[in-house]
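These notes open a run of structures that come right after.
Two complexes come next, and they have one chain in common, subunit A, joined by subunit B in the first and subunit C in the second.
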Partner chain A sequence: MKDSLVLLARVPAHPDSRCWFLAWNPAGTLLASCGGDRRVRIWGREGDSWICKSVLSEGHQRTVRKVAWSPCGNYLASASFDATTCIWKKNQDDFECVTTLEGHENEVKSVAWAPSGNLLATCSRDKSVWVWEVDEEDEYECVSVLNSHTQDVKHVVWHPSQELLASASYDDTVKLYREEEDDWVCYATLEGHESTVWSLAFDPSGQRLASCSDDRTVRIWRQYLPDNEQGVACSGSDPSWKCICTLSGFHSRTIYDVAWCQLTGALATACGDDAIRVFEEDPSSDPQQPTFSLTAHLPQAHSQDVNCVAWNPKEQGLLASCSDDGEVAFWKYQRPEGI
Partner chain B sequence: QDCIKPMKVDKRSGSGVAKIHIEDDGSYFQVSQDGGTRKLEKAKISLDDCLACSGCVTSAETVLITQQSHEELRKVLNANKTAAPGQERLVVVSVSPQSRASLAAQFGLNPTDTARKLTAFFKTIGVHYVFDTSFSRNFSLLESQREFVRRFRGQADSRQALPVLTSACPGWICYAEKTHGSLLIPYLSTARSPQQVMGSLVKDFFAQQQHLTPDRIYHVTVMPCYDKKLEASRPDFFNQEYQTRDVDCVVTTGEVFKLLEEEGVSLPELEPAPLDSLCSSVPAQELSSHRGGGSGGYLEHVFRHAARELFGIHVDEVTYRPLRNKDFQEVTLEKEGQVVLHFAAAYGFRNIQNLVQKLKRGRCPYHYVEVMACPAGCLNGGGQLKAPTTPGKELLQRVETLYGMVRAEAPEDAPGVQELYGDWLQGWGSERAGRLLHTRYHAVEKASSGLGVRW
Partner chain C sequence: RFHGEGYQEGYEEGSGLGMIEGRQYGTLHGAKIGSEIGCYQGFAFAWRCLLRGCATEKDSKKMKALESLIGMIQKFPYDDPTYDRLHEDLDRIRAKFRQLCSLLNVQPDFKISVEGSGLSF
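Coming up: the complex of A and B.
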């Protein structure tokens, strides 16, 4: 188990602070990290080591909680506790803040870019999810303010290929949104977690959604379209989502992040017990009731809570993680033999 | 941000940790170590607490505001029953045309019958006069028209003359004052809303007519939303001399419906009563309304007036062009190929956000914006009636149709208006007109929470 995850490098990315989140650019060549020191750092590989190529420091007044690259790789969005979201434009190694999205009442917890590149979503402790649209002149306008959650919204993520948005909240639910006429609506609420849902990840096909929670489980949800073969009930023309698998008993603390590798389908988790785990779906498992096996478990991957895990989109098995200890670690994952 | 209402807790002697147990009905019981239980008091937030706090952003739900306003009306009516002669308060109810349209839709009545039957109902429970805020709206519209033309002409002298942003929506005003006070206040129209013009009319003009001091009148308005309750509570609308509010109590359309139910009255079955008129010289037997939609018609009236006054152009039909969504529309006036007037209507939070951001960046292309907090405007207010079996969209359509059934009239032509400008206000643009038909706004300081909680 231990050998399936091998440490490649460790960097003190946000010294004397927490490192909150990581994001690989679409080309897989750069890693953005953000933290409690109010900065975003961009890391690039030089031989076997990772070096800091840029520091984005004049953007935020408080902790930067999440970062997200645009699908084209030319823009980076940073979400901050200062209630704003900065949009940075990349010009070789330089990043310039081209606009600041304001409007949330308090801490912005997450930001995510839609696959089309025209839409952005943000969510906040103010319980709302906002959808923004960007035009050719890099002008951003608020398209919708969604107030479906009853508590702090921790994370937003877009479906890999459709204009569908998912959000995770302190209210223990996951909600799904789509566009309807000139507005966005919440069309499904996923209930089942017994505590805060911290993060979400779609599988490569977009048919399944993984959620991780303070209840120490990972749940896998599947979308069922109207008139599906399995006879899952749908209301009207909206798809239904059902929990088809629960991974419990593996984590001893809150699970803060889950990442679904778009190349291999492996699931990585970041846990409050300082460990990183990887799960893989059993090849013979039923798609309607899949089973996952633990293929890697690295206790003390960091010296404190692991906040984020991120699979490199181009290089198989390359995983990055970050922690409250301010460090970023790079790992090589190899599925163990005989699984 | 959380509500900052300070809780007064009676400290009881005795040590030990108490547990709090929640019953199925939602009430809280404190269970002390010896097993004894004590029911805990619910914290109540009053309107004035709400106004003092810069915490929550206004919302149609307004859960925090006590919803017993129709009970307050009852209290006054009951007090009147047992009052000594000469100690009674004169009870006046002013009904908004939006609430009337909602009730009309609910009961399948036309607006005129609704108005007459509502008048009859209120009078049976002890109300003395029932008015229509469409009348006071004439003044709001006329003042808005004049104000825009004045500010447009004064552009060279002031960087903040334009755009003029409407201020009749208290939901919008609460948000503007609390979140972007210093930025937005200079742009707000100072014209009072129809509710508050009615406050002036009832407590100043009508009181004089009735030979009463303003505190002897209890003025209730019926409104389509809860935010109008906040508006009525503003210190600017409190008469210091007589220690009385211009509007004592606001009940929503839903609260009137509850009142009807509690009284066991079926509105359609009531005998209609004749309508009351503020101006004794003008009998009001026919309802009258204004062009330009269910939120008052500010854009429409100001646009047509400005086109005429500033450019000599008579505009017949105003053409609204929807922009990114149906709650954001624009109107332009062209003269000799140039756009000379550029107006917009922005309804709903997302459009207000975009407008505010444009203003912040100095990129607002409009001369005038009609701003409403509720998507689809006042007819869709949070206090309007809902029909359990009718989909919202269909119901709204019905309410809009009923609202539009009432004949529209130009505000300057409405009977009694010119007369009141002359007699009561002593002239257009007079000191009295400024005091009674206009108001001002105040930026609210943000309370910083200073909590170091890990997020």
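Coming up: the complex of A and C.
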């Protein structure tokens, strides 16, 4: 189980600080990291090691909590505790802050680009989720403010192919949003977690959503449309979401992040017990009631809480992780034989 | 028997005091909500006048959000505190107001006080 995850490199990405989040660019050639030192760093591979190619400073006054690349790979968004979101434009190795999105009342916790590249979502401790539209002239406009959650919203993520947004909150729920008659509405609330939901990830097809929580479980949810074959009840024309799998008993502390590999379907988790775990779906399991097996468990992956795990979108098995210890680690995952 | 009478008297007095306190709380809370919505309405009417006659596409988006906010405020049931979607609708009004501020590039920074003073934008 230990050999399925092998360390390739470790870099002190945000010294004397926490590294909060990582994001691979769509081409899989660059990794953006952000941290408590208020900076964003861009890492590129040179031979067998990873070097820092750019440092984005002067963007934020406080911790940068999340970063996200646009689908075209030319822009990077950074969400900060200073209540703003910066949009950076890439020009070779240089990044220039082209706009700052304001409006949230306090710490912005997450930012995400829609697959079309025309929409951006942000969420905050002020309990709201904002949807922004960007036009050809790089002008951003707020198209909706959604006040559905009753507590701090920790994470937002877009569906891989549809204009569907999901958010996770300290209020223990996951909410889903879509556009209806020119305005965005919350059309589903997923309840089941017993504590804060920290992160979300859609599977490659977008039919399932994984959520991870302070309750030390990962839950897999599936969407059922009205008149579905499985007989799952729906109200009117709205789809219904059901929890089809719960991974419990594997994590001894809060699970801060979950990442679903778009190439292989493997699920990686970042945990407060300093470990990284990988799960794979059993090939013979029923799609309506899937079972997942633990295929890798690396205790002490970092010397403190692991905050984020991110699969490289182009290179199979390449996983990056970051921690409160300020370091970023690169791993090679190989599915063990006989599973 | 005295125990029973004592209990009855105490209960009635307590209920009376509770009613008074409840009424005071309701008045205060109602005034706060009214004051908040009143602010949004005044803000929206002022901006509607300011934007009248503007014809760019961006301005039409602003007008749409403005009209949406005014519509929500006008539909809000002021005379029914038992309306079951009161807080939901109030949250929608607040959200639309924040979106409008973002579109107009205005920072909402007003203090709401029941005493009636201290409104600065």
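Operating definition for what follows: the second predicted complex is superposed on the first by the 339 of 339 C-alpha atoms of A that agree within 3 Å, B and C clash if a C-alpha of one lies under 4 Å from a C-alpha of the other, contacts with A are read in each partner's own complex, and residues count from 1 in each chain.
Heads up, the rule we're going with is that contacts are C-beta pairs under 8 Å (C-beta built on N, C-alpha and C of every residue); 3 or more make two chains touch, one makes a residue touch a chain.
This one's a predicted model, so the numbers in the text were calculated from it and none came from an experiment.
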Partners on subunit A (subunit B, subunit C) - clash or fit: clash
First (subunit B), second (subunit C), both or neither touched by A:Arg125: first
First (subunit B), second (subunit C), both or neither touched by A:Thr254: neither
Partner chain in contact with A:Glu107 - subunit B first, subunit C second, else both or neither: first
First, second, both or neither for A:Phe81, with subunit B first and subunit C second: first
First, second, both or neither for A:Ser213, with subunit B first and subunit C second: neither
Which of subunit B and subunit C A:Val143 touches, first, second, both or neither: both
Which of subunit B and subunit C A:Ser321 touches, first, second, both or neither: neither
Colliding stretch - subunit B into subunit C, listed as 8-16, 26-34 or 62-70: 62-70
Where subunit A meets both subunit C and subunit B, residue numbers: 102-103, 141-145, 182-183
Contacting residues of subunit B [partner subunit A, same complex]: 1, 57, 324-326, 349-350, 353-354, 357, 360, 455
List of subunit A residues in touch with subunit B within their complex: 63, 65, 81, 102-103, 105-107, 109, 125, 133, 141-145, 152, 182-183
Contact footprint of subunit C on subunit A as seen in their complex: 102-103, 128, 130, 141-147, 182-183
Residue ranges of subunit C touching subunit A (in the complex, touch as defined): 58, 61, 64, 68, 91-92, 94-96, 98-99, 101-103, 107
